[in-house]
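Next come two complexes built around subunit A: one with subunit B, the other with subunit C.
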Partner chain A sequence: MSTATGLSLIGRINNSANALGFLFMLPAAAILLVFLTYPLGLGMWLGLTDTKIGRPGEFVGLENYRSLFGDSVFWLSVFNTMLYTGVASVVKFGLGLWLALLLNQNIRFKSLMRAILLLPWIVPTTLSAIAFWWIYDSQFSIISWALVKLGLINEYINFLGDSWNARWSVIAANIWRGIPFVAISLLAGLQTISPSLYEAATIDGASRWQLFRHVTYPLLTPIIAIVMTFSVLFTFTDFQLIYVITRGGPVNATHLMATLSFQRAIPGGQLAEGAAIAMAMVPFLLAAILISFFGLQRRKWQQGVKD
Partner chain B sequence: MTAQDPHNPAQPGAAAHSEGGMDYLVTRQRRLVTVYLPLAVFTFVLLFPFYWMTITTFKGKEDLYDYERNSPFWVSNPTLANVKKLLFDTAYPEWLWNTMLVAVSATFISLFASVFAAYAIERLRFKGSRWVGLCIYFAYLVPPSILFIPLATMVFKLQLFDTRLALILTYPTFLIPFCTWLMMGYFRSIPYELEECALIDGATRLEILWKIVLPLSVPGLISAGIFAFTLSWNEFIYALTFVSSSEVKTVPVGVITELVEGDVYHWGSLMAGALFGSIPVAILYSFFVEYYVSGMTGAVKE
Partner chain C sequence: MLHFTRRKFLQSSSVAAGAATGPMIWTRSAHAQWSNAPEKGAQLRVLRWKRFVQGDEDVYMANVRKFEEKTGIKVRVDHEGWEDVRPKAAVAANVGSGPDIILSTNDDANLYPEKLVDCTDVATYLGKKYGGWYPVCEQYLRPDGKKGIGVPFGAAGNALVYRDSQVKAAGFSSFPKDNDGFLQLMKALKDKGTPGGFALGNATGDGNSWTHWVVWSHGGAMIDTNNKVIINSPETIRALEYAKELYATFVPGTLSWLDPNNNKAFLDGQISLTANGISVYYAAKNSQDPKVKELVSDIQHANMPIGPAGVPTEFNLFFNQMIFKYSKYPKAAKEFIRFMMEEEQYNPWMNASIGYVCHPLKAYEKHPIWTVDPKHTPYRNAMAVMRPAGFPGRLGYSSASTLADFIMVNMVAEAASGQRTPQEAAARAQQRAERYYKV
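Right after this comes the complex of A and B.
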């Protein structure tokens, strides 16, 4: 193109990695700076104002956070978020790892199984949540019906009408959706472990548990760290499942920080308060990112020692 | 078969004994209980909601609410009434079209931006490219649930409220970081020598990207594309916040906000809405399972 002159603008840009890099980064950087970085800052600012829908706010300092501090519904949502994230993540990890170990055996139709079992993860959460909503119906719940028919319970379970039942119900739905992600990611990690390690350990007389504890688990740790970071992150910031199944009810019993933030900001019109609740999630997210970071560090360290 | 199984300590030498055949049977039974039974339970639990969704779609009133005369696990009088109501009495076809339009546009914008960004970070090695790569990773960790309020105020100020464009412009915020991260991994696997040869032959960087790197990373592009499409199809909180009229809603939002009228739940049409909203992603997914899985696991492993 520009080789004849060599000094034309296009030629100079082509020869400079920095200029060309800048040009190539431009579309992505522009979108992310305008619609991600700026709103992140704007969110922090909104949390320090008294903005409502249709009325620009003024700076009020930490007033929103002060009122949240004395707000029992906010603390309930923090408790719910912790419980939801804690229980769901641990169970998803346990069951996901188990499923991954099962799929890693010599079984028939392995790739078909893998494809089918990922379905809960790819189907839109909102739509599968509707199915759960129907499954948890107080009068026509299929679970209640089956349990009554089996003679295990006498009356239908009030899944979504009772605080604790509702909490466990949404946690179960979240676990259902998250297991495939954990299982398939861990399966990919399992498949990178060389069979010769198992052979060597078996010859040395290792039991199945020892094989898992001293071969599988240490080699899987780096992937576990990353998968669980993502899992915790997604669970902590979950919105869809709760919004569809309970809308935070009964009496705020299942409100997570994300749903409470939406509730206060959009239908309630208190944009500033919603933004403050959303910002209160950031310290937890940072903690999750740090865990992921140290997981990566550990992998580097392991590779350095092993190779 | 059992001898190749690294988890199974049964040695082929055991077959020399007279109980060799029995031994095989025992391990097989044991496998049935420890492997196939749990797998069957997992499959049942993970797939049951879809089965339930599907049969509820085709149930009439008497099937839907009367579990005593008609078994709830089966449809005795299949009916298309729910589907008909959904397709002709609601704006469902429009929601499907909107979702498709938004998902496809957002996917293409994101792929375009990501390919250039990933190539720049991974291959041009401009000053600070490592730092930019790290920023992209952190951008992926910023969840929509903390961005939707400030984004809503921006959307309002830009007069994009209640338009499809608002969704097309905001979806790339979570798609670009992911796609870039995925493409960086793919570009890393392409030998740098290929590019050096082309550079010596006088190709520009753009020509190299277009004629050498991209054709070699088609699997990566497909993975990223499928992923971006399903993520956009799945998106809920932005679509719920930025759009309010029925004719611009997406399927997840439309089904949740419009098919529920007060306390009257039309379970049949709700399930039909959920089913038909899931089918397009499921079909796309079934064609590209391997790409999807490799994209997911690749992103985790990087």
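Right after this comes the complex of A and C.
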């Protein structure tokens, strides 16, 4: 009796596309739930408690956020994060696109060049961060040393000891590290553009700028949207570069929200406050994702597909 | 269960009746006695901070092997960077599983005292046998004056490391002992083109130690005995004004310095003076580079100067040994800690690390390592004169967070570099600290 119903149930599921689809989705959904939703939910909850590391906490509502609101270091970290993300993303996009366009030409040693381009992306971030830490060292900087030897400056540049120098220095390190991702992704996008479009436009007498503006750019937009979303997300949540090069110094001038969150939560033991800082990053990240979403919408519109 | 076995053991070894109540027996007895029966089939896992000097690890591990041979208890030791031990220990305490013994730093034991095995007996035994513990040990590990929540392991002493020839060239035949003389020396060194420098970046070790000294030596403190934040005080302002004058004599770039920077700069001959553990000297001694080797005879050490406070005011990195309640073998763990602290083990270990870790037990003051080379001597008193970061209040989450957030370092850095006036910097530190010491 029971086997019969069981069989018929399996049979019914087998014949239903919806039920089958649901079943096949379950493993993926479970993974998302366990490894994404749960940690995110836990982080949100922790931000609403007074949990300390090694000690469970109690619900305190928005107390952590209220406390952070009056904390100048937190606001400094928000400012730093916006500056860091804004400047680094724009420059990475500009240079990345430029490199992608160059590498899309028929140049010599194309494959070799592309491989070299990927190097900064391949090197583990911590290692490149240590390299930059030496490059920016107040006593051993190779840049300062070279400039002094060339007679261009008299004393070593205070790369990481001055607030603004330090900010620009870590931004430069981040740009160096992030360009390959943008360039290679955009290069992949460029190669999907059919050469016939360029031929047609050339026959119509389009200049090189017009080719770029009216053929390359519109067709690259969807890729740009995705690449830039990821680029912004990576930059916004950057941790390793800062932690190795400055630890957020001098006097918190380079503290990002991610590094401040870590400093408060783990070495400082204020797990709840760290979680609250991490949660404060979410609205910004959501905004970046929404921008990408609308970028993707535009592609449909461009292809003449009605929503 | 635990109680029962203990009682049974004590009876069988014919120790005075009433011993079952525990630690009191040691304070009553005239001689230090130790009797402890480790659990049968015990195994231990130890997590400790990774060595700063190679000799430490070599001899520590040799002692561990000796313990295994003597007792038959297997011991696994894991080494982690000292800043990573803290979160791991806290998580172990919270989750209730992990290493049986953790060697950690500063006020860690004060974060979860109720999760730790009462170590009063072993601490009392060791104290009796080796001339007593330094007072700072009590502040850290016997906060209520009764119960021992861990056993002190030592402290990484911090002292002024300087180039003798350059100090002499600056016109100082002996090293100044007070703040005024020290400032004069720093100015003279700067004028001679051989400046010194202290870390002012977010350097957990070196930044914190000298900035706490500068504030304390002027009589300032983060909090009072009731854990009320009092950093915004005239004493602090004076300390910050002093720090500003001091900073003017530093080599450029100290605001960016993290823990390794001063070591690198000193060993490269770029600075004449800094504050550090004995590791700079150790590194020079063991260097293969002839240029660095040359420094060995020129390196000298001196204690941090004494300021208006009138007493030494040092902040050194404290090392503890904690046994966690979740451990299945607390007696074996106590046995291990006792064994490692006994002179047969502790003496050779101190020798090998040339005093990088200063002893917590007074008897070890006489250890030859402190006098075999006069350059070691300034590190001998590290534990005798040091204070915990949350001095003079109670230690716990507030003191730990205040330290981890670099509030003291940032305040001194802001004022010294002129980013804020001393008054503004002190007011801001007050505000930041009050977030942790909630009123």
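Some notes on this structure:
As a working rule, the second predicted complex is superposed on the first by the 268 of 307 C-alpha atoms of A that agree within 3 Å, B and C clash if a C-alpha of one lies under 4 Å from a C-alpha of the other, contacts with A are read in each partner's own complex, and residues count from 1 in each chain.
To be clear about the criterion, a residue touches a chain if its C-beta (ideal position, glycine included) is under 8 Å from a C-beta of that chain, and two chains touch if they have at least 3 such contacts.
Quantities reported herein were computed from a predicted structural model and do not represent experimental measurements.
Between subunit B and subunit C, it is B that contacts the larger number of residues in subunit A.
Look at A:Ile242: by the touch rule set out above, it reaches neither subunit B nor subunit C. After overlaying the two complexes on the shared chain, residue contacts for A:Leu40 are found with subunit B alone; subunit C is out of touch.
Within the superposed three-chain model, A:Phe140 lies in touch with subunit B and with subunit C [touch as defined at top]. In the superposed model, A:Ile266 lies in contact with both subunit B and subunit C.
In the superposed model, A:Leu220 makes contact with neither subunit B nor subunit C.
Contact with subunit C, but none with subunit B, is seen for A:Asn158 once the two complexes are overlaid on the shared chain.
Once chain A of one complex is fitted onto chain A of the other, the partner contacts of A:Pro250 are limited to subunit C, with no touch recorded for subunit B. Once the two complexes are overlaid on the shared chain, A:Ile184 sits against subunit B while remaining clear of subunit C.
When the two complexes are laid over each other on chain A, subunit A has residues 137, 140, 266 in contact with both subunit B and subunit C.
On the side of subunit A, the complex with subunit B involves touching residues 1, 3, 14, 17-18, 20-22, 24-29, 31-32, 35-36, 38-40, 42-43, 46, 51, 95, 98-99, 102-103, 105-107, 111, 113-120, 122-128, 130-132, 134-135, 137, 140, 142, 145, 176, 179-181, 184-185, 187-189, 195, 198-199, 202, 208, 211, 223, 226-227, 230, 233-234, 237-240, 243-244, 258, 261-262, 265-266, 271, 274-275, 278-279, 281-282, 285, 288-289, 292. Note for the complex: subunit B touches subunit A at residues 1, 4-7, 9, 31, 35-36, 38-39, 42-43, 45-47, 49-50, 52-53, 56, 64-65, 67, 72, 109, 112-114, 116-117, 119-121, 124-127, 129, 132, 136, 138-139, 141-154, 169-170, 172-173, 176-177, 180, 202, 204-205, 230, 233-234, 236-237, 240-241, 251-253, 255-256, 267, 270-271, 273-275, 277-278, 281-282, 285-286, 289-290, 292-293, 296-297, 300-301. Across the interface of their complex, subunit A is touched by residues 83, 86-87, 89-91, 93-94, 111-112, 115, 200-204, 251-258, 261, 264-265, 268, 270, 397, 400-401, 404-406, 410, 413-414, 417, 419, 428, 431-432, 435-436 of subunit C. Residues 52-56, 67, 71-73, 136-140, 155-156, 158-163, 166, 246-252, 263-264, 266-270 of subunit A are the ones touching subunit C in the complex.
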